[in-house]
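First, the structure itself, so that you have it in front of you.
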Amino acid sequence: MGRPMAQNLIQAGHQLAFFTRRPEVAAEFAAAGARAAESPAAAARDAEFIVTIVTADAEVREVILGPGGVAEGAAGAVLIDMSTIGPWTAREIGAELAARDIAMLDAPVSGGPWGAAAGTLSIMVGGDPEVFGRARNVLEAMGDPAKIFHVGPLGAGQTVKLINQMLGGAIMALVGEAFVLGRAAGVDLDQLADVVAVSSGNSAVFEARGKKFVLADNYQPGFKTALMRKDVGLALELGRQLAVPLPVAAAAFQQYAAALRLGHAEDDFAAVAKVYEQTTGLKLATKST
Amino acid sequence: MGRPMAQNLIQAGHQLAFFTRRPEVAAEFAAAGARAAESPAAAARDAEFIVTIVTADAEVREVILGPGGVAEGAAGAVLIDMSTIGPWTAREIGAELAARDIAMLDAPVSGGPWGAAAGTLSIMVGGDPEVFGRARNVLEAMGDPAKIFHVGPLGAGQTVKLINQMLGGAIMALVGEAFVLGRAAGVDLDQLADVVAVSSGNSAVFEARGKKFVLADNYQPGFKTALMRKDVGLALELGRQLAVPLPVAAAAFQQYAAALRLGHAEDDFAAVAKVYEQTTGLKLATKST
Amino acid sequence: MGRPMAQNLIQAGHQLAFFTRRPEVAAEFAAAGARAAESPAAAARDAEFIVTIVTADAEVREVILGPGGVAEGAAGAVLIDMSTIGPWTAREIGAELAARDIAMLDAPVSGGPWGAAAGTLSIMVGGDPEVFGRARNVLEAMGDPAKIFHVGPLGAGQTVKLINQMLGGAIMALVGEAFVLGRAAGVDLDQLADVVAVSSGNSAVFEARGKKFVLADNYQPGFKTALMRKDVGLALELGRQLAVPLPVAAAAFQQYAAALRLGHAEDDFAAVAKVYEQTTGLKLATKST
Amino acid sequence: MGRPMAQNLIQAGHQLAFFTRRPEVAAEFAAAGARAAESPAAAARDAEFIVTIVTADAEVREVILGPGGVAEGAAGAVLIDMSTIGPWTAREIGAELAARDIAMLDAPVSGGPWGAAAGTLSIMVGGDPEVFGRARNVLEAMGDPAKIFHVGPLGAGQTVKLINQMLGGAIMALVGEAFVLGRAAGVDLDQLADVVAVSSGNSAVFEARGKKFVLADNYQPGFKTALMRKDVGLALELGRQLAVPLPVAAAAFQQYAAALRLGHAEDDFAAVAKVYEQTTGLKLATKST
């Protein structure tokens, strides 16, 4: 995700210093005119805005607050963390940054690699409204201006993102249930997909991943099963912290554990449908691949 | 549902005889030029096509095969049952009708009272393809021609309908979980709704019933909780018969039992969200009503 | 089950006429001095008490109310149905029998083939208390007198039985979860079993089926997976009819569908633990077999 | 829990130094001849064995590794942590203690306040077998020697404890389902309890908390709902970390969120049955209180 987002920042005319552990990405950015830095701190030095996007809570902490982290070089700057993490982690980091005179926005995205490449991501932003106003220009280089939402104080961006993921991840499991029930009952799954697409059972996930992934037996990500499981897991952890019963999402989350165990961590999260194949002996694909 | 569907048949120029237990509907149909009959059998006599639409499996059996049922008067005709019932019931009735030289299509609909009034229902049809061809003209008077699907042999229409309902009903419970988690976490639910509407967590149910029902505290049906529970229950019964695990849909179904117990049988099925209010003490509406 | 129960009736001095479709059982009963009959009706003729025990609702109906069924020969008698079926079916049959002057008790049992052989079954009886009093002597030939319970009107025996099965069946799935979590975490499963056996997580199912079935990789029934699934399914159907949310039992029930699909219908219901092996790739047995 | 456990240590002849924040407990211990210390570190100084028992992972960390924590005063000693926490936390703390030459055992207990008072707790111990051997004498002052289990390396005690709690907590939710289904169906709940107690649906939780808590409308702890929820939550977190699907336990856990929201945090965990009352409008108590 970070790669096309950085390219869009460069193309929008921003002066970019960057830190990455992947040499091929470094070469590409350098070729585009960005300055390589030897550490997150070095990349952050003298920057007005700092953008971080990594995978998990511990990594976000490390790249921001760890040795050589951006916090060392960023007094006076605005840090925009676009990773998907727990809102509690965002708030904890924000408190530590505030003590060093660094403002923080949490700004997770939705839209996948395709949206990142096209610069049409939706962005859910939590943090001080005034800081959000200042950062808007930077955010608009990466996302669709009509889909950049300021949703509340620091952490609110993560909360909204996790809720969206909880919906998408759980609906995907339901889509697996719909197809496996249809297969067992002997109906034509392509026709089933056509009917649902124009009926009340339709969803963004069904449209994007029903025919094109499950029925095509195509699990090239897209958005990986391991990441969707992480996100739905964070939503459930939020539910645990707040004592909110989420029985349907919790049932769906368990299917992702099986998906991981069955070897689909790196496949698109549509592979949660494979769990239903495994527990029924039925095949869902309508096309050979 | 049956009322506007019958009006559309009349307006399409079909000659209609009807049986209904509701006098005000009878008067309306009579005024439109249809002939009242004293029993289903009398309405069916000499008809080319017979349309039935009632609520539950037992009622469908009664109106078709019971004393004075349409089967008594319909040799040579095509019976189109547009109720939502178990595919097993459709097949059992179809077998009894075949012995009396009556062809049967199962043709449940999606689209609600609004779609019925506008004649834009989607219709999922099971049965003999040749019979479907003959009945097409009748179906097109009630549904959108682009959304009339022949999905397989007798019972397949019901199977597809139930799977669609399972998706819609379970997604509605998930929408309740999304909102209650957002409320507990302190985010603005209207903004949450705006974000989801353009993100991967979106669904037909979220669009139709998120802001307009749950956040507006409006539970005027629409499609009643008792009926959605019946339909999701039939989908789970199909899963039981075929030994298909449906853990996410099963979790959602349990919430509808609570919705009924809490007095929402006659409310729109969006009222499953009320169960989450009851078990958390939180309120979801963003507007006073 | 029926075979040892009948032997116990004979040994208690009751004069027995019987109908069975299995010739080897017929020979055994005849050798013990019972009279073979050519139909249920013939077996029932002139009997004071009639005992039926078959597998499913439809079979109970058939053997009692079908052609040649016991109802034809049993005016004035007491019918004791010891099958496990829906309480609604018991009540429907009871109403038809009452019209023919046949009293009915529903009297399902718990204790398995071992309890049947030993005559120590527990029996849960629904029906008229006076009829129960008359039948007590017959019931005590098959069950432990201290475990014969009159629990309410006709159907109540089935309700109590189904609730007991719901507990046992769901707990067995939980036992599978306990062992698979222990295995994944690397603890010794035999020691885990020893600890649970003396702690608050213990249960009748854990004691009878933890070490002896799951850890011994022994799935000889016992009580078959297909039958446990049927019983838990009936409990959930009762919950559906009464609009009672049963989310934990419903989650467990879905695992039995997978157990059937994975080929364990005829294995002991402890085989629901096999579903967890299948979805994790872990093995639970601690002994090779 | 810690109070009677300390009393049993004193009565077994151990010389006890203690730190507690509760003055009334301090007075009681002092009266029994134990030495009050001003910090965990001071209590630990020169001790051969150190016993800690607090509520949550963060508190265990604080009391051991925080400022004035036992780690400051305990080089050469054996720390026995009897709290119930995540096995990952036990292992992390153990690694830090090892670097300071402090051996650690994780030794959570089962048996409740009653078992603690009677000195009949069961204790599940993880850690080095040689260290366990040395500590055995101390453990036997608090638990039943026949129920003190060494179950594996550091963390294994917690794993086994959490699995036991997962079983007990989930079974309690099932007991709620059993009673509410029985109530809705109209059977006598006391008789239902008598039948289950001698049948395959029985469990330690049912015996301890069925009649005596739920049917008696008595929710005096016992073991609090908030603590059971914490423990089952830790088991599910272990499942998340290890990618083990636990659908039945996950469904049960969601009911504890509702129990908390409905105000039962400080009630005995049998109060999860109250959630079923709330979602059905039925009452489960058979005795007025």
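When the chains are written out, they are named A, B, C and D in that same order, and each has its own residue count from 1.
Following the convention adopted for this analysis, a contact is a pair of C-beta atoms (placed from the backbone, for glycine too) under 8 Å apart; a residue touches a chain by one contact, two chains touch by 3 or more.
In this text, all values refer to a predicted model and were calculated from it rather than measured experimentally.
Listed here as common contacts of chain A and chain C: B, D.
A rotation of 180 degrees, rounded to the nearest 5, superposes the Cα atoms of chain C on chain D. Set against one another, B-D and A-B show the most C-beta pairs in contact at A-B.
Because chain A and chain D carry the same sequence, their contact can be compared by residue number, and over half of the numbers here are used by both.
Annotation: 36 Å between the Cα-based centres of chain A and chain B.
Computed from the mean C-alpha positions, the centre of chain B lies at a distance of 50 Å from the centre of chain D. Within chain A, contacts with two or more other chains are made by residues 239, 243-247, 250-251, 254-255, 257-258, 261, 279-280. Across the complex, chain A is touched by residues 247, 251, 257-258, 261-262, 275, 278-281 of chain C. Looking at the complex, you find that chain C touches chain D at residues 87, 110-112, 122, 124, 146-147, 149, 151-152, 156, 159-160, 163-168, 170-171, 173-175, 177-178, 180-182, 184-188, 191-192, 194-196, 198-206, 208, 235, 238-239, 242-252, 254-255, 276, 279-280.
Taken in their complex, chain B has these residues touching chain C: 233, 239-240, 243-247, 250-251, 253-255, 257-258, 260-261.
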